[in-house]
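Following are the structures in question.
What follows is chain A paired twice: with chain B in the first complex and chain C in the second.
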Partner chain A sequence: MKKKKFSLKDLTDTNLLLTITIVVFFLMYIGAILFQGGGFTKPQTFFNILNANAALIILSCGLSLVMITGGIDISVGGVTALISMCCAVYLDFHGGNVSTSLLMALGIGLAFGIFQGFLVAYLDIQPFIITLAGMFFARGLTTIVNTKPFNVANEAFTKLKLTRVIVPGMGAPNRRGVYVDAYVELGVVVAILVVIVMFCFLRWTKLGRSFYAVGGNHQSALMLGINVKRTRFISHVLCGLLAGIGGFVYFLHVGSGSAAHATGAEMDAIASSIIGGTMLTGGVGNIVGTFFGVLSLGTIQNIVSSAGLDEAWWSGITRAVMLCLFLVIQSVVMARKKKA
Partner chain B sequence: MKRYSGIFVVVLLACAAGGWMFFGCVPDEKAPSQDTMQDEEDYIVIGLSQIGSESDWRNANTGSFRSEFTAENGYYLLFEDAQQKQENQLKAVRDLILQEVDYIILDPIVETGWDTVLMEAKDAGIPVILVDRQIVVEDEDLYTCWVGSDFREEGRRAGQWLADYLESQGRREEQIRIVTLQGTLDSSAQIGRTMGFQDVLSAHGNWEMLERRSGEFTQAKGQEVMRDLLQSHKEIDVLISENDNMTFGAIEAIESAGRTCGPDGDIIVISFDAVRTAIQFMQEGKINADFECNPLLGPKVSKIIEELEAGERVEKIQYIEEQYFDTSMDLEKILEERTY
Partner chain C sequence: MSKDRKTSTGSGILTKIVRNQCFIPLIALLLLVAFNLIADPGFFKITLADNSAGNPVLSGFLVTILDSGSELAILAIGMTLVTAASGGQDISVGAAVAIAGSVLLRVLCGSNSRPETLQAPIIVAFLVSCLVAMLFGAFNGVLVAYFNIQPMIATLILYTAGRSIAAWVNNNELPVISEPSFKYFGEFIPGIPIPTPFFIAVACMIVIGLVLKFTDLRLYTEAVGINQDSARLNGLDPKVVKVLSFVILGVCVAVVGLIKVSRISTINYSVIAKDIEMDAILAVALGGNALSGGKFNMAASIIGAYVIQFLTTTLYKFHVQSDALPAYKAVVVIILVVLSAPKVREWLAGLSKRSMKKEAV
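Presenting the complex of A and B:
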């Protein structure tokens, strides 16, 4: 009888999908260490995946929020590009300082979130259409701000960009045998903070719980006395704010402005959320899963390139296969629910 | 029991996902494993960070490295496709350092922003060989050498070829009116080719440069600019076009204006790059001479690596040998040997 208590049946959908995601990620990573060795045995490889994907983690958190309420936001990539370009132009051509550029990034993100959220929640327009328009708008605006890509030379900014947070005890000797400390960039710290805050928000606050209620079944949510419109509005505002933070973290990572920045980032964010167990239909999802979803995608890329499957499209294919797999898993989970 | 079948399928799929990810990605038995520590004595491990696969030139360039650094030649090549993004290249180089490759070949997408990562490579004792494009760093010792095309020499040779050709035609003393279709302004190919031709131009008093305009290296723009040039200048004897794509456009413009070009026509056409299609145009008698921009850098880089392995010092800047083609040659045979 005791065994039955541990059976997967007792897990909620959210937790079951989360468990699958985490298990798959660890299997994959341990597999990479065992079968590929090389760089994977060094913790810095993992931290490099984190460094490269810190912004994506933040963007994906935002996406998970709107997806849990049953919406979608495909403007985040465009907003990220716009933020990088605006901050880059501001810092280099107008002699701006870093903290103002951060405020500017948050402002741009929030503005997109509020505007799109208003249209989606109160005027009841399809979120896909609104945010698609938002994406085109942001991308277009980026090229208007400046067409040429360039690296930011602002001293205070480059200093911040090169700031490294040493992870104690995780270093490894390099090819010459000199011990090199493991490090993460500042963006990773921000990303992890965002994951923790958003996780707590969704789990323990009344507003966070109402996200699930609205996404699960918004009629019932309405009957429960939840302000559905306001909840959806807030989800978009939060997503916009996170796009602002993510955009700045992205900018901090690449240190340049370009209209081609973060191309397809919104799709990566959606894919990460789905792999992390968030359902496109809404009502199911977990920020921790999203975090592992991003890491899984990043790890696939590393495995593919270090396995000698050297063409870029290989990582695209493996990602697509993984995404399909998780969609299948999700529908199986849903079928299980109906049977029960 | 039926209730559990769903769960069983989920677990199975998860295992399949994990399993497929690493079993599927392990290179086949014949290829050396990624563990460079084990194979260090047998193979020289090369990490190549390529810009992307945006043009035939780039693909021929990648193909050249791939056919040179094979297991038969004692190499193992790790290829990283940056898909046109510097941040991907930075991460690729860091991953290659962690994998403890013996050499890194870097085709830098932009000129700036390489100092930190090259310092990391230097600290790890990994020589970095730059190919194709050049970089701006504070300390030139951060990279071992650069291999690529001498664009100025290409331009100079084009001018020299024109002088010889005119002489053979008995037009040495004649007034020669020249127009130039320039590449994207400020690109190294444009600057080099324009300056190189200028060197020869200024030595010939009877040559007159009517106009230089940018066709941005594209066929459409080349056609448009050539049409304008034909309208504003009644007499044009020579067209210098700084790449083949613009030449193709210009030929269309010349023909639709009712003019002729090539050895039997009234406009002498000199082009750069010498891709296959251009040689075919030459066969049809529409291009007089074409100066190669050689993408086959593999053999040269492999020679440099042999020298470095032998402990020799290498030249900091190394130009690749480049040839030219004109209608006096056996174009049939050239086409057969041409790989790009």
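Presenting the complex of A and C:
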């Protein structure tokens, strides 16, 4: 067999954007090691990025699902805040147990997903408007549940929060020369499980493939006999469920309830999905790319803070620049492909 | 039901009123007024009293609505055009107001954050901030028109970065202006008991009214919004029209920035014009304009803006916390959007037809 010469055209849209993302992430990380040195060579720095962004990974997976079907959901940040507040109030003021609070988190996420999904899929309402309202509703409700931010003191919960999973063989000696194991939090394990499950779901199940079909061209999907409305509905429900899981993981990471939690998480999640190569127009995307998208954002944040810039406003600007860059790249790449 | 039928078949004045787009916001306004009348007639009390500067000014809930609603009305003008032309909304207006206000203060204060005297005339500062806001508007517009990104996603960029940019313009300092005449724009001009923002809003309305009357802006915007391909085939450039609508929104943003900053003589980057994008979109939706673009009614949007402010003030009066406000407004949005969805309308129409048939039987 003759070997074919490799060209851009041979890659599918999904793989092309995925490749760009992974290359950019590794270039950035190598750049960080070269210019910032020190911290970035330690594996624990990488694991800390994972620890801080576990919830975001799960939220972004949900958003990728919705975006692949051509929709959008910007309520996930608000839902996350609502979940952490509700769980915190339940655990501390009503003496609840952890497993019930987990169920509560999933229930809140699902409720938002089902409601928004129904309005979007069956009533044909623009997803952006409905989920914008959902975001404001969740944020407002958080304040109604409890105004003041507070830390959770529940024993069982703090025990769970402090659980560390040790990564074998990745430890490094600390300043005093004592060997310290590298660790990740429980949330990271959940996040990686979610990534694997969602990757398999999108790749190898019938429903997963129909997500791409609906996002690519919903009319042709309809001709193929796919239930477009149901597919859209399920994508929103799944996104809601993942927002529930992500919300609980977030809560597990911060261990407090506050109306200001997860501010802008929806923007980060959308940005991660876009950076990870999910097309806004639908039909193109990959969960692995989303995973790397989150890591890229986390790395940027780490670079900005270790460069000693005033994080509060620099991270906002850098993230926006990155989002803008990738949006333009997508737009240009797709336009060129169309011409070719 | 039979009464409805008569009015819909006859060419009565009532039909015309019901068909008018201003009908929905006006009904909402009437409902709110009735609710307040029943709950507490004191809501409508207006008193004339001296303010801290010693000028006789009007105060009361209605004046507050007129005052704060004016900002919203100005934004609603620009938002209506953007919605009509691009079929999407600009969610970065709040952040853009922060930038415009920050630039305004930067020019007025120079390098010193607490100057004794203004470093530049207010009009120059305003023009500079106007220019900056127009540039950011053009940036959004270019992303939407030339890169074909959905408006809400394209403006997400500025939404994320806007407040950071605003803080960066002033090196994260909070300049304070001590010049009393600067307060005229956001509060009262001595001797006039009506808040100045209302006059500014009226001026903006007159300008946009004249522009819509004497130029082809309305025709072009609607043509692009309804079908941009056929607009292009008719010799219009949809890209230019879209960018233009975002630039006009930029001007509106700069005006609101001036009012907002003038009100408190300083700026708070994370709080200024917070959640105003939601209100502006809501005003457009309440005005009965299709959020997916096309035909628009400017007057209905402006009335919508004042109605939204009426709702906000009513909620405040009942001691709803400002952070909890979005929850109530979100419910209103969801109800509005669901009611205006074509599917629901069809269903409702079918329902009324069926009940009419029953009556006939």
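In this text, the second predicted complex is superposed on the first by the 333 of 340 C-alpha atoms of A that agree within 3 Å, B and C clash if a C-alpha of one lies under 4 Å from a C-alpha of the other, contacts with A are read in each partner's own complex, and residues count from 1 in each chain.
Operating definition for what follows: contacts are C-beta pairs under 8 Å (C-beta built on N, C-alpha and C of every residue); 3 or more make two chains touch, one makes a residue touch a chain.
Since this is a predicted model, take the numbers as computed values, not measurements.
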Touching partner for A:328 - first (chain B), second (chain C), both, neither: both
First, second, both or neither for A:264, with chain B first and chain C second: second
First (chain B), second (chain C), both or neither touched by A:200: neither
Touching partner for A:319 - first (chain B), second (chain C), both, neither: second
Partner chain in contact with A:166 - chain B first, chain C second, else both or neither: neither
Which partner reaches more residues of chain A (counting touched residues only), chain B or chain C: B
Touched partner set for A:139, first chain B, second chain C, both or neither: second
Contacts of A:306 with chain B and chain C, given as first, second, both or neither: first
Where chain A meets both chain C and chain B, residue numbers: 310, 312, 321, 328, 332
Contacting residues of chain B [partner chain A, same complex]: 2-4, 6-7, 9-11, 13-23, 25-27, 31, 33-37, 52-53, 77-81, 83-87, 91-92, 94-95, 97-100, 110, 112-113, 116, 123-126
For the chain A and chain C complex, residues of the former touching the latter: 72, 119, 122-126, 128-130, 132-137, 139-141, 143-144, 147, 259, 264, 267, 270-271, 274, 280, 310, 312-317, 319-321, 323-324, 327-328, 331-332
In the complex, chain A residues that touch chain B: 7-9, 16, 20, 23-24, 27-28, 31-32, 34-39, 42, 44-45, 48, 51-52, 149, 151, 162, 174-176, 178, 180, 253-256, 260, 300, 302-312, 318, 321-322, 325, 328-329, 332-333, 335-336, 339-340
In the complex, chain C residues that touch chain A: 88-89, 91, 143, 147-150, 152-154, 156-161, 163-165, 167-168, 172, 275, 278, 281, 285, 291-292, 321, 323-331, 333-334, 337-338, 341-344
